[in-house]
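One chain, chain A, links the two complexes that follow: it is found with chain B in the first and with chain C in the second.
And now, the complex of A and B:
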């Protein structure tokens, strides 16, 4: 646990020095220092901050130091943005100062063939006990403490003179992003910010010369804010360690992996990108499966599965109920369920009778299909969703619900969102939803469901694939005898205000 | 051709009667009549409009007629929204009035077992030569003439009092939507409107008791505004006709099909939805392949492929160049290319030398990978995209380009969008692009590329699948000996101002 605690300095340092801080506006050393300075003045970053640059007296009102050694008092963490050839010297100074953690943003190491230079800084750090994130990375973003080493411009100015958001920061939430590719990392932030999905911590680890994806996942296992981990990797160097750590983490927290380089040409491209040998893709698939890591087929499934696993409990088994107000999209969801190894079986007689009773009482349309899918038809009203979802949750053969609420139908209002949310909160089975559309009412509907903890998706197939992640994770936990415990822990956290 | 011309009355009637028009605001008969009245007052709908309802004197200022027969002068088209049991009588009156086309919105026919009622209206119509769209459909939306039989509320009012768009109409463009499911149809409109993809015509054909998907595709073959057809079907009743017509259409215009009910459970659901037997899915796949119809795997691929085929020429062969400023996403695109049967081969020596020369001249970063993918790295500038794209287009072994322009990198501005557009316009090879992100700059970048006719996508894999549609369509046209002609026709239309 001491080693886990030591990594805290990456995310919540009492004091941080930015080595290579500068006044020059376009430089990474300026952007990063400005992030810290701004977050400190807002009272978010609570530690001390020190710009380090022998050529400056002060930066943004902060006294500038010529080197780490001249900073009075402790320096717990450093962020390094000086050129590669100077980094070994910086690490020597950091070692002398007993710096705990170093985020090395600088590139120009192993990824371009400078292996010896990288090994030199690792050796220095190891002797002193300094832990390194990077080099060749974007570092850390953690909204709660104001640690933000992203040097990409938060906004850009168009030729029209308009300033627009270019690299947004998502709101605070419970998904952790751990990524080998910095570019994919900021793209992920942009995606998640736009979709209003909150993150707990963002870590870009680049060349991982010291702290690896495995150690970071292990750290996040103990991170209270993180419920699900999204891992983007191009290669994994220490397979055995990965298997051991991932196998331990996934019993408590889901990991979704996007492994680039699955094709032969992709692996060739990956080799020229990171310098690492990507290895046979089948080996990765086997490793993920063995350690309970859910492998996403593409970027969208990566985010979609992460969102589902962060918001909903895993499923007990794989039989799904589909509840819809639109026949066609209901069929599309069913198709995708079967393609992903889920089943959509006809309901039991008991459930069918309950639906028949509702029809007889005029609560559901006479011609509504109720065999699974339940199709509430164009006559759908808010109340129908509530009663139908309740009946489906009650059926012991149903392990999860995909709800399609196409908002276009005339008598459907927004009331059903809250009532379905209330029904769902009384059960321990997962539910995901889909509304199709990209204009106001669709965006509003999906946003409202997300806020209630019911993950929403813009296509029936996306929703079905998200449910498949909940089912597959449930199957893994069951196989390992810890499904019940996971669900009960999950519900405890979910039901906390 | 006379039969094709006859269908014009669905889209551009000189006179239309709305049977079942009413003053009651929530009724379909009101919404549809109001659409016509509003479009007439705006000068978009140029024909005569007649509300028909024996219980009203006038509706929205238009004199109301008790029956079709009492309307003075010709009635070319009718829209029917009266209860199912009255429809046979209406069709008798329409026959007497020599009405050319009837859009029957009303449901309650074959889809709920009332087969005889449906056969009765078909018999009446056939004798008189009236063509029927529907029943149980949404009918037609055609922005240019103001025909809009969509009865779903265009806006809804939230409990906050805010009025929001619920069922938008996309702008005018060159993709036709032909759909069996009305609910999926409006969802498609909502999606396309939000993504700013324009449509030529929207047709929801429901029970297709008379006009089938095949006849509608044949009609669209002659429609100058339509470049690509998106077809959503749950069953196809007349397989031979479909093969014949689709095979003819796809030599001139691409058809992308989304066929719901591909799984066993999905087929069962489809049967209870439309009453049709969906048939073995393999047969559909074979029929689509034989007739050159591109089958989409899911909703997103359906729209993405349609957008690519409407905007870009098909590819000559299947070797793709990938140009990126972000290594990881580049690899993701390569992976998805290979998964979809495309290749991403290492460039020829000649092309490699051209890139080396640019590196030597300092035009490209020293460490840029240039073997395919070309990775411009985090040092990317606008100019690099322009020169790199040009070199790739020149390579005779490259059949199409996937461009990834992640906007986050500091020195990348918007200038490259126009310059890449200009380069691409000089070649007859397809190009698609991806920028990842859901906030301002990403949305702006993708919008700008779309406006230049370069289809943009939010994930590398989406872009790769869109390119696969261009490659597969090209392979089909080549097999049928009409690829060159198609491309030259396509470029003629594309280069028209």
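And now, the complex of A and C:
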């Protein structure tokens, strides 16, 4: 636990020195220092900040120090943005200053063959007990404490003079991003910010010379804000350690992994059949499956599954109810459910009778299909969604609901969103939704559902795959005997404001 | 005592990476992995005697540390039904081996019971650089070689994991029986997977292992060929 605590300084340091801070505005050392300075002036970052650069007197009104050793008082964390060959010296100074954590942004180490240089800094840090994130990484973004080591400016100025958002920092939320690739990591931030999905912590670990993805996942297991972990990796260094840690974390928090390099069939001398067939990728898939990590096939699924798992409880079993106001997209959702191993079975007689009663009372259209999928037809109104969803949730054979709320129909407005949200909050079963379209009403509808914690998707297939992630995670938890406990913990957190 | 450790250290001392089939099968037996009954003959006369003891038909295979691909060297003759056939096959195999590689060291000729035809599966293990000992399961022949219809699990595995490996291949319905083919003994496959897991976990020097094919019957299974490669 002490080791877990030690990593806190990456995310919430009392004092931080930016080694290589500069006045030159296009430089990484400037952007990073400016992030800290801005967050300090806004009162978000509450610690001390020290720019370190022997060639500057002051930066953005902060006194600049020629070296770490000359900073008065304690320095808990450093961010290193100086050329690779100077980094060993910096790490010596950091060791003398008893720095707890170092984020080394600098590249030019193992990734270009400078293995000895990297081993040198690791050795220095190990002796002093300094923990390293990186090198060759983007470091950390944590909105709550204002730690932002991303050297990518939040906005860019176009030639027209207009300032546009370029690298947004998403709002605070429940999804943690742990990424080997910095570039993909910030692309993820942009994507999530655009879809208004909040993140708990962002960690880019680069060469992982010290802190690995496994240790970071273990840290996030104890992080109160993190409900789901999105992990992007290209390789895993200590496979057995990964299996052990991931297996422990996934009993409490879902991990969705995007593992690039699928086609590279590891170069093996194949003296056996097994050797010839076993591509590294298949072994990764097996490792993920065994440790309960959900492997996303592509970027889209990566975010979609992460969002679903952060917002909704896992499903008990795999039978899904589909509720729609549009026949075609309903069938598309059913098709995708079946290709992902979910079933969409006809409702029980009891449920069918309840629907029949509503039809007889004129609450649902006479021609509405109610066998599963439920098709509310073009006569759909806001009220119909509420009553139909409630009946489906009540059916013990239904483990989750895919709601398709195509907004085009004349009598459908937005009132149903809140009422469906209210109905869903009374049950412990998952629900995901889809509205198709990229103009105002579609964006508005999806945004509103997301705000209510019902993950929304722009296609029926995306929604079905998101539900599949909830079903598969549920199956894993059930197999390990902790599904009920997970769901009750999840509901406790969900019902807290 | 521990036959497996002895075989492995002997091979290492002799600088051999590929174990002989007889050695691999002896190891399998020690780990309760069922293999076809066999004996190692030094000459045609011995081969015939062993065949009489094992019962016909039998298979003869060359055993040499210098010949890994036995079929390519003309070192495998199957379906031998009597003493005369065995004697002449043994002579032929020894001749073929000489022709294939004059300097090849010959340990002898394996006389093996010929297991009746049935569904063929492959069980394998490989030491992955990241994850260590990893097991593979698939149906034999085209299913493995062309369709790559296989499942993997990182060792060690439980019976539950093993069952998931078996049910996880696309061709699993074939094992459950179809048309006039009866279902095979899935429990026997599970046993073999779990025992193979134990074998490779106990012996980290093993880099690759093939049980190919393993014939699976309505009751029981039998490994026809076993190959073990050391690091």
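Criterion: the second predicted complex is superposed on the first by the 482 of 497 C-alpha atoms of A that agree within 3 Å, B and C clash if a C-alpha of one lies under 4 Å from a C-alpha of the other, contacts with A are read in each partner's own complex, and residues count from 1 in each chain.
By our rule, a contact is a pair of C-beta atoms (placed from the backbone, for glycine too) under 8 Å apart; a residue touches a chain by one contact, two chains touch by 3 or more.
Computed from a prediction, not measured in an experiment: that's the story for all the values here.
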More chain A residues in contact [chain B versus chain C]: B
Touching partner for A:331 - first (chain B), second (chain C), both, neither: first
First (chain B), second (chain C), both or neither touched by A:345: first
Chain B versus chain C as contact partner of A:152, first or second or both or neither: first
First, second, both or neither for A:8, with chain B first and chain C second: neither
First, second, both or neither for A:213, with chain B first and chain C second: neither
Which superposed partner A:239 touches (first chain B, second chain C, both, neither): second
Partner chain(s) touched by A:93 [first = chain B, second = chain C, both, neither]: neither
First (chain B), second (chain C), both or neither touched by A:450: neither
Common ground on chain A, meaning residues reached by chain C in one complex and by chain B in the other: 266, 268, 272-274
Touching residues on chain B, where the partner in the complex is chain A: 26, 107, 112, 151-153, 156, 158-159, 164-168, 179-184, 186-188, 190-191, 193-195, 232, 234, 258, 260-266, 268-270, 272-274, 298-300, 322, 325-332, 334-339, 343-346, 367, 369, 371, 373, 375, 378, 406-410, 413-415, 436-444, 458-462
Footprint of chain A on chain C - complex, ascending: 17-18, 68, 122, 124-126, 128-132, 134, 136, 138, 144-145, 148, 150-154, 160-161, 208-210, 212, 227, 229
In the complex, chain A residues that touch chain C: 235-240, 243, 266, 268, 271-275, 277-278, 280, 282-283, 285-287, 290, 479
